[in-house]
Amino acid sequence: MVQRIDLNCDMGESFGAYTIGSDEKLLESVTSANIACGAHAGDPTVMDRTIRLAKEHNVSIGAHPGFPDIAGFGRRMIDFSPDEIYRMIVHQIGSLQAFCKVHGVQMQHVKPHGAMYNLAARNHDAADAVARAVYDINAELVLFGLAGSELLTAGRKLGLTVASEVFADRTYQADGSLTPRGRVDAMINDVDYAVQQVERMLNEGVVRTVNGGSVDIEADTICIHGDGKHAISFVEKLRAMLERAGIVVSSIGD
Amino acid sequence: MVQRIDLNCDMGESFGAYTIGSDEKLLESVTSANIACGAHAGDPTVMDRTIRLAKEHNVSIGAHPGFPDIAGFGRRMIDFSPDEIYRMIVHQIGSLQAFCKVHGVQMQHVKPHGAMYNLAARNHDAADAVARAVYDINAELVLFGLAGSELLTAGRKLGLTVASEVFADRTYQADGSLTPRGRVDAMINDVDYAVQQVERMLNEGVVRTVNGGSVDIEADTICIHGDGKHAISFVEKLRAMLERAGIVVSSIGD
Amino acid sequence: MVQRIDLNCDMGESFGAYTIGSDEKLLESVTSANIACGAHAGDPTVMDRTIRLAKEHNVSIGAHPGFPDIAGFGRRMIDFSPDEIYRMIVHQIGSLQAFCKVHGVQMQHVKPHGAMYNLAARNHDAADAVARAVYDINAELVLFGLAGSELLTAGRKLGLTVASEVFADRTYQADGSLTPRGRVDAMINDVDYAVQQVERMLNEGVVRTVNGGSVDIEADTICIHGDGKHAISFVEKLRAMLERAGIVVSSIGD
Amino acid sequence: MVQRIDLNCDMGESFGAYTIGSDEKLLESVTSANIACGAHAGDPTVMDRTIRLAKEHNVSIGAHPGFPDIAGFGRRMIDFSPDEIYRMIVHQIGSLQAFCKVHGVQMQHVKPHGAMYNLAARNHDAADAVARAVYDINAELVLFGLAGSELLTAGRKLGLTVASEVFADRTYQADGSLTPRGRVDAMINDVDYAVQQVERMLNEGVVRTVNGGSVDIEADTICIHGDGKHAISFVEKLRAMLERAGIVVSSIGD
């Protein structure tokens, strides 16, 4: 049976005179673009340009809502209620949808950003708020979330199509969670090993853990990091090696 | 022939802990609500609540986009290009549309705010940018603008339905423009005279000017100011007296 | 022995077109004004006007730094590090100091706002960051904090003069903490009882607790709430009755 | 007679997760740093770090106030009154002064940014507002402005020390103004020619103009651009060649 995987990357996170990421270059390798909506990053000009670029590269478009906190890039935990989270997501997806409309493209998915992503991964009420916002705006949208997270559970319960997100360049712990970034064994820098990790996820449905065991995992989409010096060479190699291994790299909807 | 007029009012301009306006009370008298989209005023919580209230009062809902400048309440002129204006309107209408979707209501119209309204009234390129943004998002939306303005011309050229906005409580100059607020004869405080002004607009298609003449004017909707001590009593009296004069007060779409 | 108490109130929390509080009226009754610095509330125009008004009313001026979060009015917990808190306080006190300079007045004190106040009351590292920022800018400033809090301990350790803040209109629990606002017995609406509570604090160094006991408390300054319908009549009565009880109402520095 | 020139550069314009400029590298070549104050760019963490770096490199520190508009990087014209400009400068200089205090350094100068710089160069009232704000906060501060501008006239009138800013890499028009950037002959890319231009300013008090004439100009400080691919190599060469030409490169206060 043919194995398929999506490669998703955060995009459109520049802001005014400030540039972050190498969107145009990354769009040559990824299959799904998570586009910031002007709350944790991005602005109307950046959103417009990023959608146009994604369309030109035939990359699937998703909304990437985050906490309204450009100064903190949406990475700081802020004490929002589930109702506030629901409403900020409605607001953000709506604004990106309008750009999709004027560019004549469909929005495929939604992936929350940073602190919102982490909160929705472990907190039931936040997960439910995110999933309901997506469902209420457009029940056809695919909800991206951490494999095994509360967010995916909440999405499935509402009948949303969900995509389990995994990491090729991060190690996993015995309980299936990611090894925290501070730890020396958190990152995988060897592209060969990263590809093996993805192959094992797809073929065996498991991932090796840092303590030598393995744990079940679903893998629909790989999170590609757009920052870092080697971001572009990493994703180019990763994609090439996945395809060499017979894995079809394509967006969720294809 | 039955004369009809719409009463529109800016709404949803509170922000976080800050309250402006008496939205709930005003919704009892007006027929169209122009709802701020979080750029010059408003936030997702306020947008959500205002749409719910407008729906409950059966008042038509419109987007009220403005310059992204909460500190200046969208009243300060900022040097934006027409392209930037186009994109900020796409962003803002989109976010309000999403709240309409989750509340199961239709958006009826768009009326720009403050400095954006004034710029689009007199500047061809800005007017064209506003009108195109509205058209590209949803060609069924009604575009509200100052009677006789560049904005309405731009909207008509694209095939949009437009609504000519007039003022019951402001005087007009010989060229059809509003007497600037600083002038002693700018405001009409007498409700009887305000109603007469509206009647004359509807029956004769003209408005008396401060120099004693009269000038042609179209009148589809009256701008109701929500602030000021007497805002609510003014609109209540105005509506009652318009109805007594046999003028049907109803939203544009009815 | 003469008992003295300071009455402090948050001020200058309006923002652009948005007005909060009745600063001018309250300045007739309070002795210390905590002036927002443009981060959780306020802006340069509001800061300037509030300092001018406080000077005219001969009310002592303090900085009221808060989390940089106007949308949340500084009330939301945001995950800032102690170093970030130190720097935001330096920034905010500095900006208010400059307005003091151009108005020819001295800054007397610093009182943190909202979530920052609560965090610094219970968290040692945050308390230390706040106290160090105040000390490093001007070791003569008086640090206001919740009576019995970590913040006052941190201030004293650095050699700062501190002022213990108490509440006339809130009840206390057995451990000396305030009864949470959600509880039915949290508020004291009877001004007579509020004055008795303050008298007992000053004369006996204790406060009655909701469970019928009493607990030690120091009282240098009373927090006056500027919002609420009865804010002004409450502070007017409170001040009159304190003075009738022979308590001198004056600012900390007097 | 020994000729002296200052090299000044905008710094501290990063913001949160967004980085702009190569501050640390540029500090090796310039003699005055204009540090953003969190309004058009910068934040408390960036201000703190930039002052520490400038101190380590023994570079003179100045405030770089701008319009409060991070989304537009302070480059967009916004319709502020002179009073508003006065207050935003008080606020911004004050906040930077506090960081100077905690780092134990003196602030040397103030140079307005972007749209504020351009407005104060040609508009008398804006120039007066900027100069008064600087004077009222600290009459010892040096005011940097475009050579021949209204801003320097306003500063001199108040008794401030002013520094005439010139450009090594820009051409001048017959009236002494800079050739607009859009023009093909606006920029000087040849470092030799740039140094000749500066030498002529210092030795003869004139600058050649694009139409072949020359015009009087005072030159106290050269504006170094921190962005652009060749920013660092340009300033390194410029400084080396100025020193080779016998010109002392040192800050205004030295």
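Each chain gets a letter, A, B, C and D, in the order it is written, and its residues are counted from 1.
Everything that follows uses one rule, which is that a contact is a pair of C-beta atoms (placed from the backbone, for glycine too) under 8 Å apart; a residue touches a chain by one contact, two chains touch by 3 or more.
Which protein is which chain? UniProt says A, B, C, D = 5-oxoprolinase subunit A.
Everything numeric here is computed off the predicted structure, so don't read it as measured data.
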Separation of chain A from chain C in touching-chain steps, minimised, is 1
For copies chain A and chain B, work out whether under half or over half of the interface numbers are shared, and give different or same accordingly.
same
Note to self: chain A rotates onto chain D (CA fit) by an angle, in degrees and to the nearest 5, of 180
Hey, how far is the Cα centre of chain B from the one of chain D, in Å?
44
Centre to centre, by mean C-alpha position, how many angstrom separate chain C and chain D?
40
In chain A, the residues touching two or more other chains are 71-72
Residues of chain A touching chain B in the complex
38, 44-45, 47-48, 83-84, 87-88, 90-99, 101-102, 133, 136-137
What residues on chain A touch chain C, complex-wise?
68-69, 71-72, 76-80, 115
Within their complex, chain B touches chain C through residues 15-20, 43, 70-73, 75
